[in-house]
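Questions regarding the structure given below will be posed in turn.
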Amino acid sequence: MSSPHAGRHRQLGLTDEQTLQMYTNMLLARKFDERATLIQRSGKTAFHISSIGQEAAQVGAAFALEKQHDYFLPYYRDYALVLSVGMTVRELMLALFLKAEDVNGGRQMPGHFGYRKHHIVTASSPVGTQVLHAVGFSLMSLIKKQNCVAFVTFGEGASNQGDVHEGFNFAGVFKLPVIFMCENNRYAISVPEHRQVAGRVVDRAAGYGFPGVRVDGNDALEVYRAVKEARERALRGAGPTLIEAVMYRIAPHSTSDDDMLYRTKEEVEYHREQDGIASFRRYLFDCGILNEELDRHVTDHVNREVNEAAKYADQAPYPAPEQALLHVYAESAGDDGCRS
Amino acid sequence: MTYLEAIRTAMSEEMQRDDNVFVLGEDIGKGGVMNATKGMRDRFGEWRVLDTPLTESAIVGVAIGAAMGGMRPIAEIQFADFIYPATNQIISEAAKIRYRSNNDWYCPVVIRAPYGATGGGGLYHSQCPESVFFGTPGLKIVAPSSAYDAKGLLKASIRDNDPVLYFEHKKCYLYVSDEVPDEDYTVPIGKAAVKREGGDITVIAYGMAVHHALKAADELEKEDISVHVLDLRTLQPLDQPAILEAAAKTGKIMIFHEDNKTGGVGAEAAAILAEQLLYELDAPVIRFCPPDIPAVGMSPTLEKFFLPTADRVKEAMRRLAEL
Amino acid sequence: MSSPHAGRHRQLGLTDEQTLQMYTNMLLARKFDERATLIQRSGKTAFHISSIGQEAAQVGAAFALEKQHDYFLPYYRDYALVLSVGMTVRELMLALFLKAEDVNGGRQMPGHFGYRKHHIVTASSPVGTQVLHAVGFSLMSLIKKQNCVAFVTFGEGASNQGDVHEGFNFAGVFKLPVIFMCENNRYAISVPEHRQVAGRVVDRAAGYGFPGVRVDGNDALEVYRAVKEARERALRGAGPTLIEAVMYRIAPHSTSDDDMLYRTKEEVEYHREQDGIASFRRYLFDCGILNEELDRHVTDHVNREVNEAAKYADQAPYPAPEQALLHVYAESAGDDGCRS
Amino acid sequence: MTYLEAIRTAMSEEMQRDDNVFVLGEDIGKGGVMNATKGMRDRFGEWRVLDTPLTESAIVGVAIGAAMGGMRPIAEIQFADFIYPATNQIISEAAKIRYRSNNDWYCPVVIRAPYGATGGGGLYHSQCPESVFFGTPGLKIVAPSSAYDAKGLLKASIRDNDPVLYFEHKKCYLYVSDEVPDEDYTVPIGKAAVKREGGDITVIAYGMAVHHALKAADELEKEDISVHVLDLRTLQPLDQPAILEAAAKTGKIMIFHEDNKTGGVGAEAAAILAEQLLYELDAPVIRFCPPDIPAVGMSPTLEKFFLPTADRVKEAMRRLAEL
């Protein structure tokens, strides 16, 4: 029995295979996340920051962009995004376990993505700074006629940082090919949206003369559509777009946070039921792309991948202590630094 | 009382004493990510324990405005690593308000910044940003190492009529606990404290380094090496007489801090000695500090390599004593 | 012969006397400005930054606010504003000549206002920082139930600084009694508005959930009305207002600037004809408040004041060199610093 | 060629040589408020001499992004006094990109900051903010004093694969003029230069202070005092061997800069001497610097009081020589 919406993904230009892949990626991110939480609780790792509730939007966005061509400036919850543009769950696990083989060499907290090969731009902790870098990449794209966009995400809390505003204005003045996506998960640690954001994030775009689009972050296809349109605008020289994807942070802020100090179980439960993965799964069932058997198969596959990755990362060696001294500066004048 | 409780108590007592005192910062309503303000919103209400938007420049800038308007704000920066967006407000504004207005306006703001490594903080939750603000005239900077000083210096900072940057070491929060009297007291800004008397070498330190130095000194005592330990407590203005006195005592001086070596507070202390105590130095001055790398790596091996420990500093102290 | 609009000021609640005073203040600022330019050219002083073209808006705003009660956070062109809330032209001249008796003791560039007695808050050069201070004053007003507002101005260039955005958001979240007024004079040094501001300044307010009002900055009564309404909103707890007063910077950016590098004489001339003082003068004539004789009288009086002030300031002594060492910190623990 | 022309020439030649090089900043299209980019927009077009909005954090942050994307941006801060809004982008981002990414990303950005007093600049158009950024590992800092070095160091900075903060002294722009060859050359980052050989005292300086020191040295020669002058040129990394060698030459060392004394680069230089050259010092190290007040007062009397001059430094040099 197919629902009235069953053809949505095809109308948007997505094949059945891509759509199934979207589902797989969401699931992979979710399973990674759940496992990472358990691993942290077991005491094996120091810290995990969860993305549960944000996977659908991230995957929707990623599929609207071009891998290894566009530039990605994710923030720390974007596991599903980076998995969709080239990172492996093993790499995420190596970061979680802070091992030498981690892209960042175990230097950074998990969730601080960066991978030149995949055009994932290195991230720091101070929130919002990456928005300006994204504008810089888009300026580069324009000047060097690279025909690519920069895609950057940030939380609704971070959206209030001065850098974000300066980035909006800079990109607006020069009509740069950049897509700003706010993952509005309603909390910045303990501070709820209404105590954090005056007005609405999406309405800020108008103040800079470019469109703001508010989408249901639990609806991967809706996000896909918005990002795809934004990308087309950007590439035809019409300038930036601000997308506000509204979702909910299901887990506490991080493994160090006790969210029951500032919200109720009921509120969380209510939102857990809106899960964007579950609804996407239903959609795939409706379309006949997924059935119980295939779903079991996908899930098994994902679980196996997560298992293997965790095992690998657990056993991988830590960086040698003296590694700490390397890479403050380029090793030689000619050293352009990148490994690729 | 723990160092963390001392900070909380100081804020609470000052808020009780003076209606103009209030705290503002990110997530402080629920108690703060460090628990420094735990329970305070219930007691003082949400306007006096004010959860702000996630904007450090605004936290400091708004505090500056409120301070000029007659209040005594305590601005909490969630981690000292995130103080940089507020640099312009701190250096161009707070530090220069009295001077530029020819004493017409002044700015009694306290900026609390939890700093230093605790284990598992990585590059951006472990930094020691003292050196960035050190050497900014108009600003005072304190960095207590004991619960007693944490309380007394925070009270002094709140009552001070100039901007004070209050660096609280995150590792001290629960690790450090000592006697704190019930009565009201302050610890004067600008005064160092001798933490241990000794005759062979002098260690000048602040923050967690003081504890490592004291521990190493205890152990070295068994080897008949007698260590004099000075806790700077205030970084700006530095207590020059105390530095000179402590250094003159032994003529062999080690300066010890967790901030990077180059350009740190230790450079100034060493410079003061080179300028004013040259003829009494019996050995080259030593700065014992982490290497000049951007910050602490998150991986345990990297972190351990970076951080000074009592063991490592003891080695260095012994070598100095043997010179 | 009285024009159809001749009663506007009375409808707005302004007496004839106040309206005449508004005119006098504009004229005083203008004459000060012209004289300061000449003095600088003669080599007697180092630097002047002109306000010509912005007086009407400044006076309109000042008259809608309460002296020594509300707080004023002017920017460097606000001569007419500070003259209207308590400063004298002698004090402006002392600042221009950098003399010891200047409120700032000759320490700051002219145009960096500050005067505790008149609730004029000390200003620095880095643009935009004062917006956050204004928010701080308004927070103080709310917490301490002072029933006053904070009024802050800034240029359209400065409006892009991160601090301004953070201030808007902070004030919006807490509905603080603060009035933001952008004096949009179309240039930030050499950069024209369209290369500086993406979208329109006024439209940014909506992004923070408070009203934005765009007014003709050459129309003093229009600005008065907007600020008065904003003040009422603020005091009844309805939160901030952003006012964008559109005007034109007639003079070069400062005495160090050559504006013919980036705009034409014709453009300047066109705008000079829109002068807000001239139109206000015509309005007063239309209302019968001003006539040729009274105007001559007012002008003579203003000129005399400017003459005397210039002479006084020229002859006043410079600060003693060692004064430079004072007031880095409070002199004693009990010293609260202010002279009043 | 003047120092200012040297800067302009270096930028123009590098832009000619490498399409990835471009300049961005406030008002640079018309030539910049200092004329550093005069005529360059006509030559290279408005995308390569890019007038930005009035937002320093964006100027630096966008430059960082473009640099990671393969370009070589030169970000102009209109006055060094206005660099503070960009502190977070400089310290948390530019300086840590290579390190935090384990050498996967790097950030070849140059930030030009006109600094120092020229007369009539007042508190916010005269500052020397070196000490704020000094001691930030991952960042390089240069501060040339001659036209030759200005050009050579700017070229080296543009070609460098790490972020460089380029402090150009505003007083040097037109005051300083010297031979600059037509051929392409660079001055290596990290190397100090002996500007004058001498045997009685050593002056270590950078920026305008070098010229005051040289002038004073010329005059002292008539009094038979022979002065050795070292121009640091690069502030980070400091050229330690050159500092030690120059200091050892005379054993009497004066460190001289326009930045405030406390926490300045001079503190580090003095600390290096106290650590590594103690036994060869014949007199206490002297730091000759302006007093620790927030900044230069605008009034001529205040400014004159604050600023070091050749006359005043000569006095101090003579006193050191006579010790």
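Letters are used for the chains, namely A, B, C and D, taken in the order the chains are written, and counting of residues starts over at 1 for each.
Methods note: a contact is a pair of C-beta atoms (placed from the backbone, for glycine too) under 8 Å apart; a residue touches a chain by one contact, two chains touch by 3 or more.
Predicted, not measured: the structure shown is a model, and the values here were computed from it.
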Comparison of C-D and B-C by number of C-beta pairs in contact, larger one: B-C
Chain at maximum distance from subunit D, centres defined as averaged CA atoms: A
Where subunit A and subunit B are represented by their mean Cα positions, the distance between them in whole Å: 37
CA centroid of subunit B to CA centroid of subunit C, Å: 41
Rounded Å distance between subunit B and subunit D, as computed from the means of their C-alpha atoms: 30
Residue list for subunit C, restricted to those that touch at least two other chains: 105, 107-108, 112, 124-126, 160-163, 166, 169-170, 173, 195-197, 328
Overlap residues in subunit D, where contacts from two or more other chains coincide: 53, 55, 57-58, 81, 84-85, 88, 92, 96, 99-100, 123-124, 137-138, 292-294
List of subunit C residues in touch with subunit D within their complex: 46-47, 98-100, 105-109, 112, 124-127, 157-158, 160-163, 188-191, 195-197, 256-257, 261-262, 318-325, 328
Residues of subunit C touching subunit B in the complex: 71, 102-105, 107-108, 112, 114-116, 121-122, 124-126, 129, 131-144, 150, 162-163, 166-167, 169-170, 173, 326-330, 333, 335-339
Complex interface listing, subunit D residues touching subunit A: 22, 47-48, 52-53, 55, 57-58, 60-71, 73, 85, 88-89, 92-93, 96-106, 137-138, 140, 159-162
Touching residues on subunit C, where the partner in the complex is subunit A: 160-166, 168-173, 194-200, 203-210
In the complex with subunit C, residue positions of subunit D that touch it: 26-27, 29-31, 33, 51, 53-55, 57-58, 81-82, 84-85, 119-120, 122-125, 291-294, 297-302, 304-306
